[in-house]
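Structure incoming, see below.
When the chains are written out, they are named A, B, C and D in that same order, and each has its own residue count from 1.
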Amino acid sequence: MKTDRFQAFSDGIFAILITILVLEFHIPDYQPGRLLPALLAQWPLFLSYAFSYFYVGTLWLFHHDYFSMLARIDRNVNILNLLMLFSITLLDYPMSLVADALTSGNRADMQTAFIVYDLVALFISATFYFMYAYLHHHQELKSHAMSNDFYAAIKFDPVRSVTIYGLAILMTWWSVWFGAILLATGIIFHFFAYLRMSKQMARSKGAVTHD
Amino acid sequence: MKTDRFQAFSDGIFAILITILVLEFHIPDYQPGRLLPALLAQWPLFLSYAFSYFYVGTLWLFHHDYFSMLARIDRNVNILNLLMLFSITLLDYPMSLVADALTSGNRADMQTAFIVYDLVALFISATFYFMYAYLHHHQELKSHAMSNDFYAAIKFDPVRSVTIYGLAILMTWWSVWFGAILLATGIIFHFFAYLRMSKQMARSKGAVTHD
Amino acid sequence: MKTDRFQAFSDGIFAILITILVLEFHIPDYQPGRLLPALLAQWPLFLSYAFSYFYVGTLWLFHHDYFSMLARIDRNVNILNLLMLFSITLLDYPMSLVADALTSGNRADMQTAFIVYDLVALFISATFYFMYAYLHHHQELKSHAMSNDFYAAIKFDPVRSVTIYGLAILMTWWSVWFGAILLATGIIFHFFAYLRMSKQMARSKGAVTHD
Amino acid sequence: MKTDRFQAFSDGIFAILITILVLEFHIPDYQPGRLLPALLAQWPLFLSYAFSYFYVGTLWLFHHDYFSMLARIDRNVNILNLLMLFSITLLDYPMSLVADALTSGNRADMQTAFIVYDLVALFISATFYFMYAYLHHHQELKSHAMSNDFYAAIKFDPVRSVTIYGLAILMTWWSVWFGAILLATGIIFHFFAYLRMSKQMARSKGAVTHD
């Protein structure tokens, strides 16, 4: 099976998800003449939106670079990919929950909202783990064999992420803000993991073929 | 007519539908500090969402594999495809209805919601029946002739599904939960029917050409 | 300029519009146990949705077949196309208005809603008129010259549609139902105009080249 | 890295954003028989929608023409592009804010809404500035070298836009309507800047190669 519809479908879902996040912005109730303070009070929504956009954008970069090494896909890749995209579409809801809980400022609700976000992030990273493992064992799908170094370099990224988000869940019980910082760290970590994977891929490719 | 715009348009609709399902998640009304129980009470929405995502995903897998055998399309395929996509986009609404009725727990409303879902599922399967029949009689559209075995193997799948969903409608009058189980069975059945079709296609292809 | 991004962007807009129409379905307010009658009372929404889906689907078929004759596009085609897509995206709102007004059953409101729908339909047909005229005068964009017969055969379609929708606006003042029937006729007429254009295109193509 | 997924993803986001703008149209509350005046009172929404559609459409035209000169992309282009698309998706919210504030007619709220729109527009233009600068310094990504004249001709466009939107922000404090006119001027200016860039590109291309 060729990769074109696989990629078009995935790109479509990423593009839609990253765009509909913006639909969570609703005009707040405000007294005439008081739109400015009402908007400023929406900072949690903007923050949650910016982080989630950055997160989904990074996941797309991963998807884009990682799958560029495939010459074709099989049925299992398609199914694993649907599971991965399922986990990613779930992000829209915790984004709103976090914004809402931060706005109200209630400690228990913030804990709940952050933990839901953590759980979805953990689920996303877990699907990457399975995808990496599956494709490592199916080198025949790749346009050129990737060196073992490549898999060795990236296979612990999802494990690290799952650990970070797991810790964030525990930490959130103790301190909402520590938990939030760990969550933010996890998301920012993805971006650097992406940069590293991207470089490693170029190197592994270079070692085998000058494509 | 080439298949590229046909596939891009279909992929677009599948990608959008599967993503906007998530827009049905709305933050529930909750007392400060009571977000967690309010979220847990949303289990019907999550269940209905997960099933519907799985369903639309399976339908995409069917569409992806099945149409990969076409070298070109004609006007009738385009029109039948629009009808098929119409039936699929309708899923968004019964997904909410089922979630809403399960949340309220009223027996008559659950019956109504499940039957609407059954009807849409029955309609979807019926459009597959017509598509299979049409393409079987237009082998000239295919990139290589499929053996009669292939059509023989798949042509009863939509009939079986229509039967399951028809039974589910009847059963729902007698017992909501039996009806719900039949509906879930029908959706899971699609996934196995897909796996079988996919294998059968590979075999039929292999029999004629080594593509 | 190649046509691929032009087509991908247009397909994207068509696919999104035809799918988000379904977001206008909202669960009605209902007493426990009264979901069924509440849903049956939504027939205007379903009718309006089915017609609008059929309408947008037909417009996509037009776009798909008509632009398949282009080898490349220029800046003006891109701009005219954006205007055409603008007019089409407007359909989402009158679809809701018509459903809402039919539900309330108030005569003046139904007149208003139908006339807004008529105006959007008239605008859409007008953009097709300009597109047809522009491309007729820029044969150099086409992959093979279309005979004059082709333009002669299709150029009056948008004029006819504009006339039908103009009459529908006038008629609606006199009788809402006559106006509604004219609107429905106009939309169904598009489908037959599409079938005719599609056949005419095949013939004009055949006359020049066996592509 | 090839440009196809990069373009498909960007086209997807543009197509979705330009289409979901229409979701901001909501049926107003109205007394039976009073739909027409209620719709006429929505002129700010229609105006804001039409301008925003025109704006996003122009940005797509820029994106389409400008990136057609690239033979491949690198990681930084992908990241800059995500930033650019982020700034563009933000437009959906100020579009509603402006419509809402114009409807209420409160001076302070209109100032707030226009300034938020100005800020987003300023942000968008700033991302174009960085993209132009980056690609000018990475001629190796282009399918053929663009003359220095080309960069000289376009590099001040984003600077001019940033200046216009900056002035619009200041002006809005003094007079809402002057500020609004400057904002509208800025958006219309983009369209003419696009026409000029498009011509300049054709000329620069012509100077080097007859592609």
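Rule of thumb we're sticking to: a contact is a pair of C-beta atoms (placed from the backbone, for glycine too) under 8 Å apart; a residue touches a chain by one contact, two chains touch by 3 or more.
Labels paired with UniProt names: A, B, C, D = TMEM175 family protein.
Everything numeric in this text was worked out from a predicted model, so none of it was measured.
*Asks:* How far, in degrees, do you have to turn chain A to put its CA atoms on top of chain D, rounded to the nearest 5?
*Replies:* Between chain A and chain D the superposing rotation measures out at 90 degrees.
*Asks:* Interface check for copies chain C and chain D. Shared numbers divided by all numbers used: above half gives same, below half gives different; which is it?
*Replies:* different
*Asks:* Which integer distance in Å separates the CA centroid of chain A from that of chain B?
*Replies:* Distance between chain centres: 27 Å.
*Asks:* How many Å are there between the centre of chain A and the centre of chain C, using C-alpha atoms for each centre?
*Replies:* 38
*Asks:* Provide the list of chain C residues touching at least two other chains, using ranges where the numbers run on.
*Replies:* Touching at least two other chains: 8, 12, 15-16, 20, 23.
*Asks:* What does chain B use to touch chain C in their complex?
*Replies:* 1-2, 5-6, 8-9, 12-13, 15-17, 20, 23, 75, 78-79, 82, 85-86, 89-90, 92-93, 96-97, 100-101, 104, 106-109, 112-113, 116
*Asks:* Residues of chain C touching chain B in their complex?
*Replies:* Listed in rising order, the residues of chain C that touch chain B are 7-8, 11-12, 14-16, 18-23, 25, 27, 30, 32-36, 39, 50, 53-54, 57, 60-61, 64-65, 68, 195, 198.
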